[in-house]
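The structures considered in this document are given below.
Two complexes are shown next, each including chain A; its partner changes from chain B in the first to chain C in the second.
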Partner chain A sequence: MQSSQTPSRANLAGWLYVSPLVLVLVPFFVAPILVVLAASFFATDGFGGLTPGFTFSNYVEVLHSALTLKLYLATIKFTVLTWIFTLIIGFFVAYFLVFHVRNQLLAIGLFLLCTVPFWTSNIIRMISWIPLLGKEGLINQALLATGAVHQPLEVLLFSDLAVVIAYVHQLTIFMIVPIFNSMARIDKKLIEAAIDAGASRFDIMRLIVVPMSKSGIALGTIFVVSIVMGDFFVVKVMSGGGSASVVSAFYEDVGVLQYPTAAASAVLLTLVLVAIVSLILRTVDIRQEITR
Partner chain B sequence: MSAVLANMQGAVAPATTKAIAPSRGERPWTFYVLASLFALYVLALYGPMICIYILSFQDIRGGLVFPMKGHSLHWFVDLFTQVRTGDVKGSFDRSIRLAVIVTIITVVISFLAGLGFRRRFAGDAVVFYMMIGSLVAPGLVLGLGTGLLFQAFGLNASWYTSALGAQLSWTLPFGVLVMFAVMSRYDRAWDEAAYDLGASRWQTIWLVIVPVLAPGIVAVALFGFTLSYDEFARSLQTAGSLNTLPLEIWSMTLNVTSPSLYALGTVTTIISFIVIGASLGTIVLIQKKRGRGAKD
Partner chain C sequence: MAIERGDIELAGVCKSFDGLTNVVDGVNLKIADGAYCCFIGPSGCGKTTILRMIAGHEDPTAGEIVIGGQNVVGLAPVQRRTAMMFQSYALFPHLTVRENIAFALRVRGMSKIDRLRAADAMIEKVRLTSFADRLPAQLSGGQQQRVALARAAITEPRVLLLDEPLSALDEQLRVQMRQELRRMQQELGITFIHVTHTQLEAIALADLVVVMEQGRIKQAGPARDAYAHPHDRYVAEFMGGQNVLSGRVEKVNGASFVLAQAAPDGIEVPLQARAKISVGDTVDIAVRRDDVTLVRPGQTLPAGCSTSLPSRVLAIEYQGYFVKVMLDTVPDDEFVAYVPEKTFFADPLNVGDVVLATWATDRARPLA
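The block that comes next holds the complex of A and B.
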């Protein structure tokens, strides 16, 4: 049946197979996005009532507010810091597992060890930092005991530092998995050839491993950037209310029923995200990467 | 995560040794540096979680930080009996039921989509990018959109309608991506062989494709269950008046400052570990059975 199929029949079969997927994504992804887009042009009475209409005033309000700039700067700061730390840790953890662990079963076991927390609750993993970072937490107790500080450090919990720690804790796995995947595909012979040709281990890293892990890095970056930019609960809890990001402000707006301004801000954020993701996608064919 | 399951198959299939470091002799100094980094990473990954599990077993004097004050199951009892901590039992119940429903739908739809994406068809890129979009879109924004949509149609938001759909928009992209990784190891010649032996399309799916891909399908189920069971951002605006467990935990982080919060963390993590263990165990079992079959 394969080769004899006409293109139109193949198209029909393809669509039949993916139709259940489309039937879920259209009402629960496409439609909600369109609703938010529409709401961003609506007027509001300020009590949660929406008046259908077409006004740019919500965007004008969002773009004119000094708060918007501040929120975006804070979000970008968290995103960049998280990205740098997850990339460094993720790259070297994957490198260690692929190139230094000699027993393949052990490598898979250690890899699984890294992935297990991904399947547990993010909120629980976040609050689990409280007994460590708190004012009377383990780290402060240790620092006081060794005499390194005389006052407990207050910046550890409910601060920007705590926010970044929680992000790195949750998201490094999103770097490890795709980078591990790309590295595991590097042909061993290539490295041997490089060694035979007199390359140093640094050269191998610089000229073979890093370029060939690029697609994994790109994929991991998409995950980390989109999750940090779309997050609100880590910022809200770990900063103790001291910091805000674009989505946490969105959450507050929704809380006071300011749907149109919230929607306008969400549309702007989505545009920024789409721009970043499509920039990254230009460097890597994600579909080929996954199906290969 | 898909890599792991692909690799687990590789472990039994013809060995592809990927260790590029010299397989014998002295280890370079970088090995020790990176091994320490890895150990530190794992310590930071599990250390905090282990702290809260330990702290949840304090007695009534217990606080949120070390040192431990006595040992008891007080906070676990407190969790399920106190009104103050909310409807933990009910939300548990709902979350598990919802996760089971989401798992079944995710497995079926991801499997079918995986079959569909094996060959290119007109417009496949549209579906693919729709899926990627659903994966990277901010969950809270999607949740609000879904909530408003239900409102506009005069429907009541509830955990088994709007929250179910909102969670599927999160679990399905993962499920299909895992399916992609699994399908890439499936040789289409096996389909041809089945057709040559007179199998119908359905027989080929049930008797060839499903058994061959069984470990991957278990992996999709693992993603479906755990991602739904822990889903928070998309459920927040869509769950209606009755909370799911992550929503309950969220409201507890804002109000409750006793170790019952940690006790809830311990209980929910135990459930996650049972599910993870059962899934990985099933995959290993299937592989072992196959390894034995091949040897006979």
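The block that comes next holds the complex of A and C.
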């Protein structure tokens, strides 16, 4: 009797534990995704009206469009550039905080300082680049004054460069936090043991710190990649409309009431992202690294 | 400039972390090449700091550290030819046993084939061949300790520094690993410096025992000296096995003096080399616990015993090959007799019994 009752009871308790998450995820995540998935197979009358049905024509259209490839290439370019810069900056900021700031209180203070940009809204943060990068911005003024250039640089604002700068500015914290977290758990004695064995600073970083921060790097990568690939706003504002991304394209579709093709693009992007994330998870066993 | 010998000399070594108090306070010590030296003392006595200064992980505030005839202050651990085995081992958790052991060779730029061959030879020496591809987390405490030892020994250091190497192990394993450490030391023929707070460990292993208190060396010498001939009350109490009594000197006559105590005739103590004892001084004396004989009142004292202290039995602890009898002989200090098991059970005592504690007069020693 005991044996027949215990599993069902354990099951019930298990369901109770996950129920809050289920209550949030089902209406706000699973349901919308199902709606989008369904819509991607619907037909449309071209004026926003949807005809329930099952057609692959939306996917065919998206996949046959030469624009799709171009958009993906542009988005991947932004993603890779942003990833490289946030990774380099995030890694070294975390490294500095963990291994070079002896005073723990100071380290936490500096860590909080990294979050200061997030005290204002995303839009304000982007607008504040204009006085710095603009044609009459500080950087151009400085360059003109020193005689380094004779014409103000146009490339600084409303360009791909500006898009990457804005992304790096926004997303470096998403690298710093997980990398900081995994680095902070490296026993300082390991570093000493490595020094004792004759390892140089670079050896220590290459052979100890980087491998042991892998889970943080992977988590940060997932954050940065999925945010950049799912964003259209920064591209739109910072490129001044000159560049587009996958999301900005189907945002345009939504604007002209092409819901099914937008839905099909969205599903495609989701699949691409799922593939990228699972690739990352396959290289780094985050769960094992975290429980270590 | 390679250091070829492992003899160490500390001269006036001081270390202060806050600029106010010295954690290590003017330590002078000579350790012979190939010696097994144990630093022993309570936590916070500075023994680990000394070890870390010899290793090159801390710099002394003052003084010199000479290894193999060369002042090594300011040199990196590699240049000192020292290797350290860390407390709780500090094995690299993401590297296998083989990679852990080969690490030092890797950062020295040895080719992969050579370093793995050298690591495998070392793995065989510490008998871990079947575990070479495991991660440290998949090993037992004793195996991890052997990996740590192998990792430290692979660079053929002249001095191996061990920071409480056995403290993470359970009792049985500790005794076993103790022998293994000694075996490795003899096999490698290099200087071992071992920090511990367990006196049994120190006297079992060391050629040279260094007893420390608050940054100072209290006594340094062969294990038997530290245990059987402690200089002062601190060393006697820390090393254990001694009863320490204090009292006022009542009279000094020729080769011995008499200490006023609860005993009717006082305690007679041979003077030995320590001549500066005069009537009225307060002096500590030590009597080994296993030199104390317990006699029931009315029985005659064994030959050579001039002192007998009436005592009541406070507690009895069976220890296997001897019985620990705790007595109220002296008011403020602990007084214990280690009675051989056979002797004890020939005439078992009970708690509350009154006995005379006595010892051969020449077994009592005055302390500094």
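Keep this in mind: the second predicted complex is superposed on the first by the 266 of 292 C-alpha atoms of A that agree within 3 Å, B and C clash if a C-alpha of one lies under 4 Å from a C-alpha of the other, contacts with A are read in each partner's own complex, and residues count from 1 in each chain.
Basically, a residue touches a chain if its C-beta (ideal position, glycine included) is under 8 Å from a C-beta of that chain, and two chains touch if they have at least 3 such contacts.
Keep in mind the model is a prediction, meaning the values are calculated, not measured.
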{"item": "Which superposed partner A:F232 touches (first chain B, second chain C, both, neither)", "value": "first"}
{"item": "First, second, both or neither for A:I222, with chain B first and chain C second", "value": "first"}
{"item": "Touching partner for A:E154 - first (chain B), second (chain C), both, neither", "value": "neither"}
{"item": "First (chain B), second (chain C), both or neither touched by A:V101", "value": "first"}
{"item": "Of chain C and chain B, partner touching more chain A residues", "value": "B"}
{"item": "Partner chain(s) touched by A:D285 [first = chain B, second = chain C, both, neither]", "value": "neither"}
{"item": "On chain A, the residue positions that both chain B and chain C contact, one per complex", "value": "292"}
{"item": "Chain C residues within the chain A interface of the complex", "value": "55-57, 76-78, 82-84, 86-88, 90-94, 103-104, 106-108, 137, 151-152, 155"}
{"item": "Touching residues on chain A, where the partner in the complex is chain B", "value": "1-2, 7, 10-11, 13-18, 20-22, 24-25, 27-36, 39, 89, 92-93, 95-105, 107-108, 110-125, 127-132, 134, 136-138, 141, 169, 172, 177-178, 180-181, 184, 186, 188, 191, 201, 222-223, 226, 229-233, 237, 247, 250-251, 254, 259, 262-263, 266, 269-270, 273, 277, 286-287, 290-292"}
{"item": "Chain B residues within the chain A interface of the complex", "value": "1-4, 7-8, 11, 15, 17-21, 23, 27-28, 30-31, 34-35, 37-38, 41-42, 44-49, 51-52, 55, 64-66, 105, 108-110, 112-113, 115-117, 119-125, 127-128, 130-146, 148-149, 152, 165-166, 168-169, 172, 176-177, 180-181, 183-184, 188, 191-192, 195, 201, 222, 226, 229-230, 232-233, 237, 246, 249-250, 253, 261-262, 264-265, 268-269, 272-273, 275-276, 280"}
{"item": "Touching residues (chain side chain A, partner chain C) in the complex", "value": "187, 189-190, 192-200, 203, 207-208, 211-212, 292"}
